[in-house]
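Both of the next two complexes hold subunit A, though its partner changes from subunit B to subunit C.
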Partner chain A sequence: MLPIILLSVFGIVLLFMGFLKSKVLLLPATLVFILAALATTFMDWGKTYLYFQNMLLTNNLAILFTTIVLLSAFMVVALSNSFIEDEQAQPAEYYALLLFSLVGAIMMISFENLIMLFVGVEILSVAMYVLAGSDKHSPRSNEAALKYFLMGAFATGIMLFGIALLYGATGTFVVSGIKSYVYTNAYGVSLLLYMGIILLLIGMLFKVSAAPFHFWTPDVYDGTPGLFTAFMSTVVKTAGFAALFRVLSVSFVGVYSFWWGTLAALTCLTLLIGNVTAVYQTSFKRMMAYSSISHAGYLLIGLTALGTQTKQALVFYSLAYSLATISAFGVLLVVSRQRQDTNGVNENFDAFNGLARQNPLLGFVMAVSMLSLAGIPLTAGFWGKFMIFTTAADKGIYWILVFAVLMSTVGIYYYFRVIIAMYFREGAAEPVKVAPFYRYVLIAATILTLVLGLAPGLLEGLV
Partner chain B sequence: MKPIEIVFYVLTGITLLSAITVVTARNPIHSVLALIATFFCLSGHYILMNAQFLAAVNIIVYAGAIMVLFLFTIMFLNLRREDEESKTNLTKMAAVVVGGILMVTMLLVFRAVQLPAVNEGNFDARTGLVEQLGIMLYSDYLLPFELASVLLLVAMVGAVMLGKREAGDRHF
Partner chain C sequence: MILSLLIFLPLIGALVVALLPDNQHIPFKWLTLGVAMAELLLSVVAYTQFDQQQAGYQLLEQADWITLPLGNLGVVSIDYLLGVDGISLPLVVLSSVILLIGVLSSWTIENRQKAYFSLYLLLSGTIMGCFVALDFFLFFLFFEFMLLPMYFLIGLWGGPRREYASIKFFLYTLLGSVLILLVMIGLYLSVMDPVSTAVMAGLATDAASVDQDLIRLVQAQLADMHISSSQIVHTFDLRYMADGGNYLPNAFLSGAGETTFWGIPARMIAFWAVFLGFAIKLPIVPLHTWLPDAHVEAPTPVSVVLAGVLLKIGGYGFIRIAWGLFPDGGAQYAQTLAGLGVLSIVYGGLNALAQNDLKKMIAYSSVSHMGFVLLGVASLTSEGINGAIYQMVSHGVLSAMLFLIVGVIYDRTHDRRIDSYRGLLQVMPHYAVLTAVAFFGSLGLPGFSGFVGELFTLMGGFQSLWLPGWLPSVAVSGIVLAAAYLLWSLQRMFFGPLWTRDGVESTLTDLNGRERLMLIPLGLLALLLGLLPNVLFNLSNATVAQWLEKFNV
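Presenting the complex of A and B:
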């Protein structure tokens, strides 16, 4: 509850800081604000609180998801030093929008009432629509914003329809109230409930870009400025899966037999489309968009095989995925900016040619992040995949397991293309320069990935 | 048939007809006018459901303010020229199939569902008035009500950010 209040207030404070002549303060202030919100998040650790007449519920799981979201936001903001260098940029609005969107993300993570979920989704989405179009001079950015906005508004409409039907069936918006309705009417659940579940799922799956609701993802991720793509693919996805988990594991667990088949089919479709299409990409950023679709598929396995291990697996996987994605986008941002071709920034695979020789640190950071995304041992991504696959094995859904392993071998192909380009191809001779603070963030993300890969037990027993 | 049922069916018929006109009309102005008619009919439904305040707000905000904006925008744009049809036949077929399946599913669900009958004994005409709504908003739903202001602020900041003129390049 406190981080929501703090971040709303800090967002307004940042807007006023935009009036200052000097822009130097904005970045450190934003970082301090996020850290303050993170600190207050932990005040509720170990306790379960219900706030404001069943509106919000904080427990350890919600706190962990909030931590992942705030940590990702911290790193993305820390990588945003280039705003300060642009002479005429007014970055206060960007930072304020990022903080406001975090309010929405935390609401999605700790909602207890579906109205809170809806308002949270809207706050996060509206901020993202705007940030997608923040590069006003680029037609691709404009296209991304418009596409995301139109499709996102439509998906929100479907989700709202689903929530209305759930209310019609159960007479309540409260997550645990729906649960008790499902249990008391175990044999005669209203059909409206099923309809509501499906429509709510469609809306939420759109937000986490699962197939067949993924069509916006490549264009939007590609057109959005890289910094905000990193934010979008980590914060929005983590919050979306936290919301899906809460609603599926609390409200609808009584009708598991109804929705698991649908979700299993969508999981396989997502894995297939994400991984196979990523192989054909020439742009690294587009490849990352398809890779984010495929990671949504892996996370969906955990939900399909809903069990006692699911929450731990989801937390670990989201953390591993966020760390790797942010360091990958961090490297891409520096490299693409310094190796421009005739079309402006170069975001293709060939931008990375010979990177390991000119800047071994960036090469290493990128290599670790690619290995982690591919799920190679000794990185966090491996244990994330391992835990997710364990949930499926525990539930006895082996065919989905076989399919997912098959798809992650496809994944190895396109992640290794980057590593091959960096280590075995000849590239431009001029070295790539990195600002010191930027370097520390990338190093920290890489070290965390490796530490979690060596000692996955660190997060055990927290939820 | 009770008189209220006749009102309901007439209203529903007009609503559906005008909603279909919104989609099928060739002229965008006709579309907008049909949309206004739809909003008025929906307000009628709200009144039937004892939500008088919502009905009034719907007319003021949607049929009034938003539709005027809509009309302005359409008149600013030059929509005279005939745009080429950009959808292929395959997309149209897919859309028809998907939409049709959704419609059939919903029809079946709504036919099969037994909704509890209205209890005329505890009818209270004041339920949908401002007073009751205000008490709800400022007690049970205080938190989402306040956080909706963050949503509006985000939309406002975003609109200003996208709308203002900026010189110079940006490096993201």
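Presenting the complex of A and C:
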């Protein structure tokens, strides 16, 4: 509860700080604000509290998801030093919007009442619509914002419809109330409930960009300024999966047999579309968009095979995915800005040509993050996949496991294209310049990825 | 301790080389050579400490590494568990020899030495790890992590089509390893650790007090479902996985085979999955197509290590994991599997006959020779298995020699086509002699190691109760084919008047000291193994005899 209040207040403070002539203070202030929110999050560690007239519920799982979200946000903000030099940029507003969107994300993670879920989704989304269009003079950015807004509005509409139907069926918005309804009416659940589940799922799957509701993802990711794409593909996805997990594992676990088949089919579709389409991309950023779709697929496996260790798998996977994605985007940001081609910023694979020669550090960071996304052992990504696959094996859904494993082989192909470009190709002679703080953030993310790969037991007992 | 040193010496070496400044004056190659020689020394020490009469694992080392609670599934406990037996020790010694030769062969690498030798040492460490790991998970980590240095070694120092070859190598092998991963998860869910389970179930006070009788008691209780699921400790320990008594009743991969897919027991599917995983590595036709590409593009030392050691991991995986954990699968499909081996022998031989690129010819001859390994393993006889291990070692020595021979000529003229040369004997007499030794060794001339390996695998094939006689009979044609393509190449390249396609006769100098240093020991080793096959058979026989007991049903 406290982080939500703090982040809201800090956001407003940041807006006022925008009136200052100097932009220098904004970045450190935002970082401090996020750290403060993170610290207050842990005040509730080990306890379960209901807040705000029983509308929010914090427990260890929610705190862990909040931590991942805040950590991702911290790293994304830390990589945003380019705003200082950019005349066009309005960092105060960007940072404020980022903090507001974090409020939405935390509400999505710790909702107890479906109204709160809806409000959280809206707060997060509206901020993201604006940030997607923050590059005001770029037609691509405008297109991204419009597309995201139109599609997102539809999705939230459908979700709201689903919530309404759930209320119609159960007479309550409270997650645990729906659960007790499902259990007391085990043999005669209202048809409205099924409709509600499906519509709610559609709305949420849109947010986490699962197929077939993924159409917006490539264009929006591609058009959005890289920094906000990184935010979108980590924070929004983690919050979305936290919300999905809460609603599925608490409210709808009693009707598992109804929704798991649908979810399994969508999981496979997501994996197929994400991985196969990613192979054909020439732009790194679009590849990352499809890669984020495919990772939504892996996370969905955990939900399809809902069991006792699903939450641990989801937490670990989201963390591994967020670390790798942010460091990948971090490298992309510096490289694309400094290796421009005739169309301006170069976000294609060839921008990375010869990078490992000129910037061994950037090459290594990128290589580790690609290996982690591909799920190669001794990186965090491997253990994420391993845990997800184990949930499916435990539930006995082997066919989905085989499919996912085959798809992860496809994934190797496109992740390695970056490594090929960086290590095997000749590229520009002059090295890319990287600011020291920027470098530390990338190093930290890489080290964390490797440490979690060597000792995945570090998160043991937290969940 | 000694096995840990075998793994960590090169790994630390890799780290040291990677952290040293990239300076022309730092002798990276000497450092690597030192590590490789120390490795050889260590493996010889391991060989002397090994008791050849004993069948079980020796030089065991165990420590907890990763503990990861997975809710209902209990705890993933991955042990750092090392040990060798008569199957893995020959391969460990072989690896240290070949890796040392590989360093010598890398002497000509001028480009990015630091990165090269760092990756080479990393590769050495992971190879050793693969052969000595007795925890399935640890094995898998080494197995998969080995791909990365290999990928970069081919991709960075390879020939013109290196990108294609390296990613093809990576994708093929990775597809194999994900199949192994799937089976590994299934096995983990199905197997208990009897020692820890005894402690958990209160049958023993601590792990040290658990003896064989108690293990049998625990297994009996498990079979009668007297042990509740929360008390069962799952394990990746290959020793426990190989014991049918440790499989949970009604588990996914339990021996009774209740779980079926389309009427096929899950165990059989799992067997085929691991088989495919290792068959890609060996490689077995039709999964071999990555091998010629990888070899043709790889620089000489990488080819040497690839053919000399990496392929052997496929054969080792067959014996240790595919057949070792799923003996029922190996018995049930013995004919099909041996058939695949024979197909590889003949198809590889025919392909080798059709090649004009010397390196490609040798790559296909590897496919053919590794087919004998599969035939030997599939025969399920003492001769066959011992022969398969022998064939792996022998092929490791001879193929390393063959690829070095290609490297010698390629270094001089940058042309590997067989029909570009004639009469090399006149200008390179020593080279011609050593080539003849390698070729005759490979085609199975009595007195050389190749003969013993092929003879024993074929004997196994003929004696086997599981195989029809015509299969090994067809395999014999592989020896004829080998004679054909090797002798034909020898005749075309070395005999007759001196001639080269591009008129580069002046560059053709005979072997220099370093090349002799690599080729002569390998040639002597092939001869020694051929004359004294017992050196190797004494090492593997006891283990193989015990291993075969699984099949006496």
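Note that in this section the second predicted complex is superposed on the first by the 460 of 463 C-alpha atoms of A that agree within 3 Å, B and C clash if a C-alpha of one lies under 4 Å from a C-alpha of the other, contacts with A are read in each partner's own complex, and residues count from 1 in each chain.
As a convention for this text, a residue touches a chain if its C-beta (ideal position, glycine included) is under 8 Å from a C-beta of that chain, and two chains touch if they have at least 3 such contacts.
Worth saying up front: this structure is predicted, and the values here are computed from it rather than measured.
A.B. asks: Would subunit B and subunit C fit next to each other on subunit A once aligned, or clash?
C.D. replies: fit
A.B. asks: Once the two structures are placed together by chain A, how many degrees is the angle at subunit A between subunit B and subunit C, based on Cα centres and rounded to a multiple of 10?
C.D. replies: 140
A.B. asks: Now for A:401: first (subunit B), second (subunit C), both, or neither, which partner does it touch?
C.D. replies: A:401 contacts subunit C only, not subunit B.
A.B. asks: Return first, second, both or neither, reflecting whether A:378 touches subunit B, subunit C, both chains, or no partner chain.
C.D. replies: Second partner only.
A.B. asks: Output check: A:409 vs subunit B and subunit C. Expected answer is one of first, second, both, neither. What do you get?
C.D. replies: The second partner, subunit C, only.
A.B. asks: Per the contact definition in the header, classify A:101: touching subunit B only (first), subunit C only (second), both, or neither.
C.D. replies: first
A.B. asks: Just to be sure I read the superposition right, which of the two partners does A:215 touch: subunit B = first, subunit C = second, or both, or neither?
C.D. replies: neither
A.B. asks: Please indicate which partner A:364 is in contact with in the superposed arrangement: first for subunit B, second for subunit C, both, or neither.
C.D. replies: neither
A.B. asks: Which holds for A:167: it touches subunit B only (first), subunit C only (second), both, or neither?
C.D. replies: In the superposition, A:167 touches no partner, neither subunit B nor subunit C.
A.B. asks: Between subunit B (first) and subunit C (second), which does A:420 come into contact with in this model arrangement: first, second, both, or neither?
C.D. replies: Once the two structures are laid over each other on A, A:420 reaches subunit C alone.
A.B. asks: Once chain A of both complexes is superposed, is A:258 in touch with subunit B (first), subunit C (second), both, or neither?
C.D. replies: neither
A.B. asks: Of subunit B and subunit C, which one contacts the greater number of residues in subunit A?
C.D. replies: B
A.B. asks: Closest pair of CA atoms, one in subunit B and one in subunit C, after superposing: how far apart in Å?
C.D. replies: Minimum C-alpha separation, subunit B to subunit C, in the superposed model is 33 Å.
A.B. asks: In their complex, what parts of subunit A are in touch with subunit C?
C.D. replies: The contact residues of subunit A facing subunit C are 307-309, 312, 371, 376-378, 383, 386-387, 389-390, 393-394, 396, 398, 401-402, 405-406, 408-409, 412-413, 416, 420, 423-424, 455-457, 460-461.
A.B. asks: What does subunit A use to touch subunit B in their complex?
C.D. replies: That would be residues 4, 8, 11-12, 15, 51-53, 55-56, 82-83, 85-90, 93-94, 96-97, 100-101, 103-104, 107, 113, 115-116, 119-120, 122-123, 126-127, 129-130, 133-137, 145, 168, 190-192, 194-195, 225-228, 333, 337 of subunit A.
A.B. asks: If you look only at subunit B, which of its residues touch subunit A in the complex?
C.D. replies: Listed in rising order, the residues of subunit B that touch subunit A are 105-106, 109, 112-113, 115, 139-144, 147-148, 150-151, 153-155, 157-158, 160-162, 166-172.
A.B. asks: Residue numbers of subunit C touching subunit A in their complex, please.
C.D. replies: The touching residues are 66-73, 76, 140-141, 144-145, 148, 152, 155-156, 162-163, 166-167, 170-171, 174-175, 178-179, 181-182, 185-186, 189, 252, 261.
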